[in-house]
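What follows are several structures.
You will see chain A twice below: alongside chain B first, and alongside chain C after that.
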Partner chain A sequence: MTSIGTGYDLSNSVFSPDGRNFQVEYATKAVENGGTAIGLRCKDGVVLAVEKLIQSKLLVPGSNKRIATVDRHVGIACAGLIPDARHFVSRARNEASSWRKGYYGPIPISSLADRMGQYAQTYTLFSSVRPFGVTSIIGGLDEEGGPSLWMVEPSGVTWGYFGAATGRGRQAAKAELEKLDLPNITVEEGVKHAARIILIAHGDNSGKDKDYELEMTWVRMPPNGEAEIAADGTVRGYGRHEEVPKDIVEQAEKDAKKAVEGDDDDEKMAES
Partner chain B sequence: MNHLPEAWGRPRDDIYGAYDHQYVSASNPNQHTTSPVVTGTSVVALKYNGGVVIAADNLASYGSLARFTNVERLKQVGSHTVVGASGDVSDMQFLFDEQLEQLIISEEYQNDGHHLRAKHIYSYLSRVMYHRRSKFNPLWNVLLVAGWDDGKPFLASTDLLGTTFSGPALASGFGAHLAIPLLRRVCPDEAAVANITREQAISVIEECMKVLFYRDARSMNKYSMSIISGEGDKVEIEHRKDIQLKQQSWKFAESIRGYGAQVV
Partner chain C sequence: MFRNNYDNDSVTFSPQGRIFQVEYALEAIKQGSAAVGLVSNTHAVLIALKRNAEELGSYQKKIIGIDTHLGVALAGLAPDARVLSNFMRQQSMSSRFLYNRPVPVARVVNAIADKAQVNTQHYGRRPYGVGLLVAGVDETGPHLWEFQPSGMVLEYRGAAIGARSQSAKTYLERNYESFGDATREELVLHGLTALRDTLAQDKELTTANVSLAIVGKDEKFKLYDGDEVAEWLEKLGNTQSSRGSRGAAAAPPAPEAAAPAGDSMDVDA
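After this line comes the complex of A and B, so read on.
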């Protein structure tokens, strides 16, 4: 950033002469310091995963979740400043809930992402506020149209994705995501890839010595292909944003370790 | 309880004399619901050893007109509870589709493996009902809450005034007159619940629904039943929908004045 210190970065919503908003760029920097978060839009559902760096051994395992449930059918994975993320999620919950009140149905993921993008964007317009130090991956299942995945950046930019990555290890994660045939793999396969990608993203960065916890959720489509989101909550498991069962995550992590370490062995063998 | 929902929430005519309708005439300011419009009739429920059975028919009446014949008046709320509603159907829809739905969604934000149990849902509902009556804008319903709570069957009632009570066998509306005696035959008190099997409970409830159809002019021959069964912390809820009344016998009708073969 060449124009740092020229005075155009001190107030939000002020352009620099070359047309940049530095506060927004700094917010993006804050995101890049956080643990990696990824989202996979698969054939029959969506997988969200984050690399949650363990700040202290005194923390209870599984605490300080970074993937939140917004509505039955939607989840948000965040990278960046956690308190900003909490506020962002709380806003998303209000949007989803008011949609239900007004339209008597679950909010389409595209509409939620759009509204959240607008919300983030308003925080780039005033000198009295700062932008969100958070990039959020919004994933869920639409009543019609199936799985849907979006990413909202501090600038308010909102794009739809097959595979989304943000946070410190996003480059490595993106490279891995691009290798996958995401529209044609199942969520079960997606979970395995997600575990592997988070492991690679973790290893590729300076946080390698730090331990991490893999947090993973999914929203699956029912086997018949239609996204039935039961009003009375009788269809448990399908059409819901929920944590991936522990045993499946553990297995995926084990497989990921084997796959990644296996690669290293191959390379060593090739070297020798 | 009077079997006509129109009369709920008012002083009893037989004790206090005919109701003076001037009190609720349209010229008075600030009126809310003073009588229900589209109504559902009885809900009946019975505890058994290991669960609760609850049933309600699928009719929504517009006065005495059988207006809607495919209305679900039982709602599963979370994983442990079924709520049944009689009285105003629009108030029921508000409670079921807005309030309870949002309650459960918000409860699942935490994602910590804890769920609202029947007792919690009942407590919530009774507070809503009392709050609304205190705003002089009651939700015109009688609600039965059936579920599994802390390893035991749960059954309790709340109404448009926020009144609360529980019991091993409960019924609302016409059922409070006609079904309760039948239910109490097999279940006179809480202790009797231990001797009632699931099959027995289902058949008693089926019998109640049949008798109610015979004698309640706001009922129909199609109903829904939910069976909540539990063991320790595990709960299973079975929903039976579109149950048709079986083995009806209208022989008794012959002896009813003004019906069938009799003239005069």
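After this line comes the complex of A and C, so read on.
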């Protein structure tokens, strides 16, 4: 941050003498203030989870969703400026639907992530716009190739992940994700881990925003494992992005609390 | 010089990742007089405090009807609210033509949110300088949304925007648990009490400065102004600001005395 005040950080699309684009870095700062979002790429599907910070008890519980469905087989979880996230998701929906129009099939997650990366990147090129204050985790199931998880950053950087985390609790979340054997666990197990990781990530940041709601979705094969075939004969793809059923989320949250509190007790025991 | 270099336009992030122009736009809402909104299981209500620039002038319009199931209350720049409400009317009308049904509240709210977001990301534009409370009823029941110039929209059980709206929020936070099962009348009186808390010293709720709108599952959106609110003010009883006034410091409507009047709302005065 030594270059603050030298004038190179006042406009988008301007390089500093040492080759940095400060406005993009500042956009990343906006992301770091938002609630944590994570994604888990499991054996048979993808889990997305966010820590939705509750600013007021007057808000309708369970409303104001942070994870969006882009196409029936894709979901996006975002951290950062919510209005920017809505714009970003709306673009993703357009990409997915135009893909269907052109190719008569669901968009591969890698292609969607790639296009969204390009879209984010164009907002770093011009001084007439600002970069997105959003990092989004794109998860889905491809017709071929199975589960897929990507993260798009304000710079346009797009990488594939087994476990992705962003938002202010990302450090703690990453540490927990690394402990998991993600390629070999099921979505059901993933849900339990996701609830626990969000709880841990939140715990590290319990300041004035102590209330949060856990929002979780998954993309997985329908239980019977069969492809859906539409009336016109087109295969609709296997994956389904949907909210994790309420009872499963509640159970996962309960177990998470128990697990985390259990850890604390162990530590106390060790200390004494 | 401690000048803030990062607040000239809405396309510049500060090193902390803030966009000051958007934050300043949020301040514009607080320049406007207060508006309060509440929802029960059957109704949504908007109540606003109108201001007149001068004694002989008319009062500024605070509540705008959008459709028979939908309306908004505003705080901030009224012309910006007109642009947004016209857009909402178009959305609402095209829903009726295209789908032969009234537009869902969330749909139209998200439409203005997306519109507002664009203004925060492109140079040469400014964010809207108005906050809205959108109350409406659709297939899923009554709803209340708050719209902000940042493009943020949130669904609430009770909300307040505008000058001194914090006082109204405090009232709503203390009472929101009873909103769900509240009757139409109880809901309006809760709203009026919350609005009364936003009054400046020595001010009073009158038929001239209160605007009220009700929409319900079986009730079309209707705006009540002027003499139409008289019966509601009568039911409310005490219309005085509870902020201590110097002239009548020793007189009854001191804060302690005003509080019970607020609690006695089930009493039909």
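Note that the second predicted complex is superposed on the first by the 251 of 272 C-alpha atoms of A that agree within 3 Å, B and C clash if a C-alpha of one lies under 4 Å from a C-alpha of the other, contacts with A are read in each partner's own complex, and residues count from 1 in each chain.
Keep in mind that, in the parts below, contacts are C-beta pairs under 8 Å (C-beta built on N, C-alpha and C of every residue); 3 or more make two chains touch, one makes a residue touch a chain.
Being a predicted model, the structure only gives us computed values, none of them experimental.
A.B. asks: Touch test for A:L125: chain B only (first), chain C only (second), both, or neither?
C.D. replies: It touches nothing on chain B or chain C.
A.B. asks: Look at A:I82 in the shared chain and tell me whether it touches chain B only, chain C only, both, or neither; answer first, second, both or neither.
C.D. replies: Touch partner of A:I82: chain C, not chain B.
A.B. asks: Just checking: does A:Q23 make contact with chain B only, chain C only, both, or neither of them? Give me first, second, both or neither.
C.D. replies: The answer is second: A:Q23 touches chain C but not chain B.
A.B. asks: Applying the touch criterion given at the start, work out whether A:S11 contacts chain B, chain C, both or neither, answering first, second, both or neither.
C.D. replies: A:S11: touches chain C, not chain B.
A.B. asks: According to the contact criterion defined above, which of chain B and chain C contacts more residues of chain A?
C.D. replies: So, of the two partners, C touches more residues of chain A.
A.B. asks: According to the stated criteria, A:V31 is in contact with first (chain B), second (chain C), both, or neither; which is it?
C.D. replies: A:V31 contacts chain C only, not chain B.
A.B. asks: By the touch definition at the top of the document, which applies to A:V157: first (chain B), second (chain C), both, or neither?
C.D. replies: A:V157 contacts neither chain B nor chain C.
A.B. asks: Which parts of chain A are touched by chain B and by chain C alike?
C.D. replies: none
A.B. asks: Quick check: in the complex, which residue numbers of chain A touch chain B?
C.D. replies: Residue list for chain A touching chain B: 65, 68-69, 71-72, 93, 97, 100-101, 104, 231-234, 236, 242-243.
A.B. asks: Quick check on the complex: what are the chain C residues that touch chain A?
C.D. replies: 5-6, 10-19, 110, 113-114, 116-118, 120-124, 150-152, 154-159, 169, 172-173, 176
A.B. asks: Please output the residues of chain B touching chain A within their complex, sorted ascending.
C.D. replies: Listed in rising order, the residues of chain B that touch chain A are 75-79, 97-98, 101-102, 104-106, 108-109, 111, 237, 239.
A.B. asks: Help me check something: in the complex, which residues belonging to chain A touch chain C?
C.D. replies: Spelled out, the residues of chain A in touch with chain C are 1, 4-5, 9-12, 22-23, 26-33, 56-60, 63-64, 81-84, 86-87, 90, 123, 127-133.
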